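One chain, chain A, appears in both complexes that follow, with chain B as partner in the first and chain C in the second.
Now for the complex of A and B:
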């Protein structure tokens, strides 16, 4: 009886802790990353600058979608990396999320514009359909299909570990 | 400048707490000088940390947005109250608050007890090393003092509007006080086993502290449930959200623990379980912190995602748990000295119920782990929800309440015998049976488990009514705290069953000045207003409801748009009556101009919270009475 109890109280915690260790120490473990594939939802919204209508057919091919807002401090941190990516000719579409139009335009004027175009999602309806929980979030989309959904700041490390394997697998941006 | 001072004070206190730990373990803890020294060092290091926290509060109140964390989670337009509460609206600050509470529990214990009280020196040492572990976690992986000079934003960000709510602002502090309060029992259990003197009555030393922590935890969970109901618009009282479960597990274990204390303080026969439970309760509290802060599970509550933090916490918790379990298993012979438990004695029933509590904790743990295991094998996300938990919790609770029912009559250390067939037990069973029958006949309640729960719940309540009756008439002693707490449990079971059976909801489309009928109530959308407020605009819908008797009342749900984040939230409006809530929310406007209106009839939901409050109230009364008896 004592032996069983002894084994139980030692082995159970060790098993639990090892499980969690393996779970989070996995090299691919990025809690913000989601690799489920699904189609980009249908939308009809306005472009931020021109305020002309924009929908799925206006964005074709392979690109990143970055959800950002002027009120989001992490987006400011992330922004420099996005500018670098756009300089490497990687197309980025912006979704301006629940933001005031003037604030958003001022923000872009101040920090630079890495975006091909910016969808003004004032109500957050497209973002809601895409499963956005807050800004910043970044999606890798190819031919209307979402391949990667990343919640949180994208930086050099995340780009290499989360996005690059998928880009290499499908031979995108060639 | 101030922020650097705060950070420096925190680092300094980390060093002092470590010194305290070393002193309490290196030197003879029976020595009066050492005991005084350890107590003094603790007081000083906790003063440093409290000062540091107060400076941090001042930084938040004075809108010092050069502090990264404050810039991200506060805003110059917020009322002062929410500037302060923004400190615990995210990971770093809430961790700081958690540590503050840990320090304060220790400080309170240090202040009110004599320095030579059994186990005190070693317990203070153990508390100190736990504080050091958390402080290092704070400073190394989640530093709230980080600055963003020189580009401090002018107005800060804004805290999520759903978090701008009094219930939310106070529910985390209550929960943290509860979780971390079990450190006193944990530290004493470890000190007791290390010192190895089994004649020390360690149960008596930790009883009040553990009940206090349990009261905080109960209130914290209840407040969280209430907040989710009316502010998040979840429209119910419990959702088996992983973070709710993570709070429920230590609560269940703690409930078993405080029952176990009263058994082992009387006969020391359950001591081995009491010690084990004190370790389990504290481990589960820490496990909760790990689950929430490592980003392992998605939930409304989950904090920033950072594997580094998860690893640190896991290592720290791992050392604590495996270390204490090793000490436990090497001291088994010391703990099993008590006499065997008599069958059908009060302690036998409490032990059986402790097993039920254990099963519930284990199943909840399984519900949290299963999706993770499944995900790592099949690379698919699944979630475990209400059907799983209901299938386990309902029968277990019913069984446990039957044993509780028998334990009322049972005596400590004596076999319990039924003296005659006509006694309060059979009468209670009879009355409960007829109550269930009338519930079935008159109120048309048909769910089997609901009826069984109502039976078990009323069994408890009526049995305790007999106890009260006996006390009033024959002046027969009864433990008033047990009576109140267990009647609360009975009420909880009945309220949950009735809520489950009777509540209903429907989505209606209503145009302005039109009306619709639901459950005999006429619901008319009589007006729509635009309201301007300091930090948000809102659309307010005014509904006129007419009940079946022809009485009118108004409900005014809103949709709000907050300026700072542009976030849109839905504000419910609730009409509260004794038996039910009428809960109304407005959704989107359709193309034909009508509005989607969600209406819910939530029966007995207030009774659920009231039952929980009754339980915590009995705990508070018990603490007061123990302290009065001491004087």
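Now for the complex of A and C:
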């Protein structure tokens, strides 16, 4: 009996340490990243430049969705990397989040346009439906299904750590 | 004359601004709303409920909750709507599932273990 109790003193800490070791090293967890798959919500909004109506059927295939605004400082930091991505032929759709139309167009004219098209979400209704908490946020979408949702600035490191594994897994952008 | 006019304007200001921010059809729904925003965390904040936050996204969610209550959605449906978009972390009272079972079971099992060990030792 005593032997069992003594063994317990050793086994319990080992069990706890190994549990937390496995918990911390969980590969699925990355701060800011969300890998739950769900369908892109239905929306009907206007395009930023032409102000023509735009809905789900206008954006097909595999693409990134980037939520940005001219008032968002981190979006300015992120912008250079998005331009690089678009030069590598990765299609990016923009969601202009709670922004004045003129400010947004000025911003794009000043810093360049990496976007295939920009959805003007003035009230943030589509963004709320997609679980956006602020700007910038980036989604990887394939055939109407969201595969990755990243909250925060996308840069080379985040692209390597968060997006590339999923892109390789599903063999996207080929 | 002007003094009186100023007084009238001043006094009527109270009524001008006495309109409530969120409108409900009945008291029951209003109570539900104020309970819900205490139970849901603001996704932009480290730890603060929707009720305590005026971040833009919290304001949006609160307006959405008002809208969903108007549509006749139940509390659990509203929570599900928000969890689907912002993840399990937005609930202050997480349910019992495979991600949280350890948190619920661990304290009780450790206590039971400690008690049994304690009583065992005395008998030896």
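Here are some notes:
Note that in this section the second predicted complex is superposed on the first by the 145 of 174 C-alpha atoms of A that agree within 3 Å, B and C clash if a C-alpha of one lies under 4 Å from a C-alpha of the other, contacts with A are read in each partner's own complex, and residues count from 1 in each chain.
Throughout what follows, a contact is a pair of C-beta atoms (placed from the backbone, for glycine too) under 8 Å apart; a residue touches a chain by one contact, two chains touch by 3 or more.
These numbers were taken from a predicted model, which means no experiment stands behind them.
In the superposed pair of complexes, A:98 makes contact with chain B and with chain C alike. Looking at the shared chain after the overlay, A:38 reaches chain C, while chain B stays out of its contact range.
With both complexes placed on chain A, chain A has more residues touched by B than by the other of chain B and chain C.
In the superposition on chain A, A:2 contacts both chain B and chain C. Of the two partner chains placed by the overlay, only chain C lies in contact with A:129; chain B stays clear of it. Comparing which residues of chain A touch chain B with which touch chain C, the overlap comprises 2, 5, 19, 36, 98, 124.
Chain contact summary for the complex, chain A toward chain C: residues 1-2, 5, 8, 19, 34, 36, 38, 98, 124, 128-134.
Taken together, the chain B residues at the contact with chain A in this complex read 68, 71-72, 153, 157-158, 276, 283, 290, 294-296, 304-305, 307, 310-311, 314, 317-318, 321-322, 325-326, 328-329, 332-333, 336, 369, 372-373, 376, 381, 564-568.
Interface residues of chain A, counted against chain B in their complex, comprise 2, 5-6, 9-10, 13-14, 17, 19-25, 29-32, 36, 69, 71-74, 97-100, 122-124, 151-152.
Taken together, the chain C residues at the contact with chain A in this complex read 43-44, 55-57, 60-61, 64, 84-87, 102, 117, 120-121, 124.
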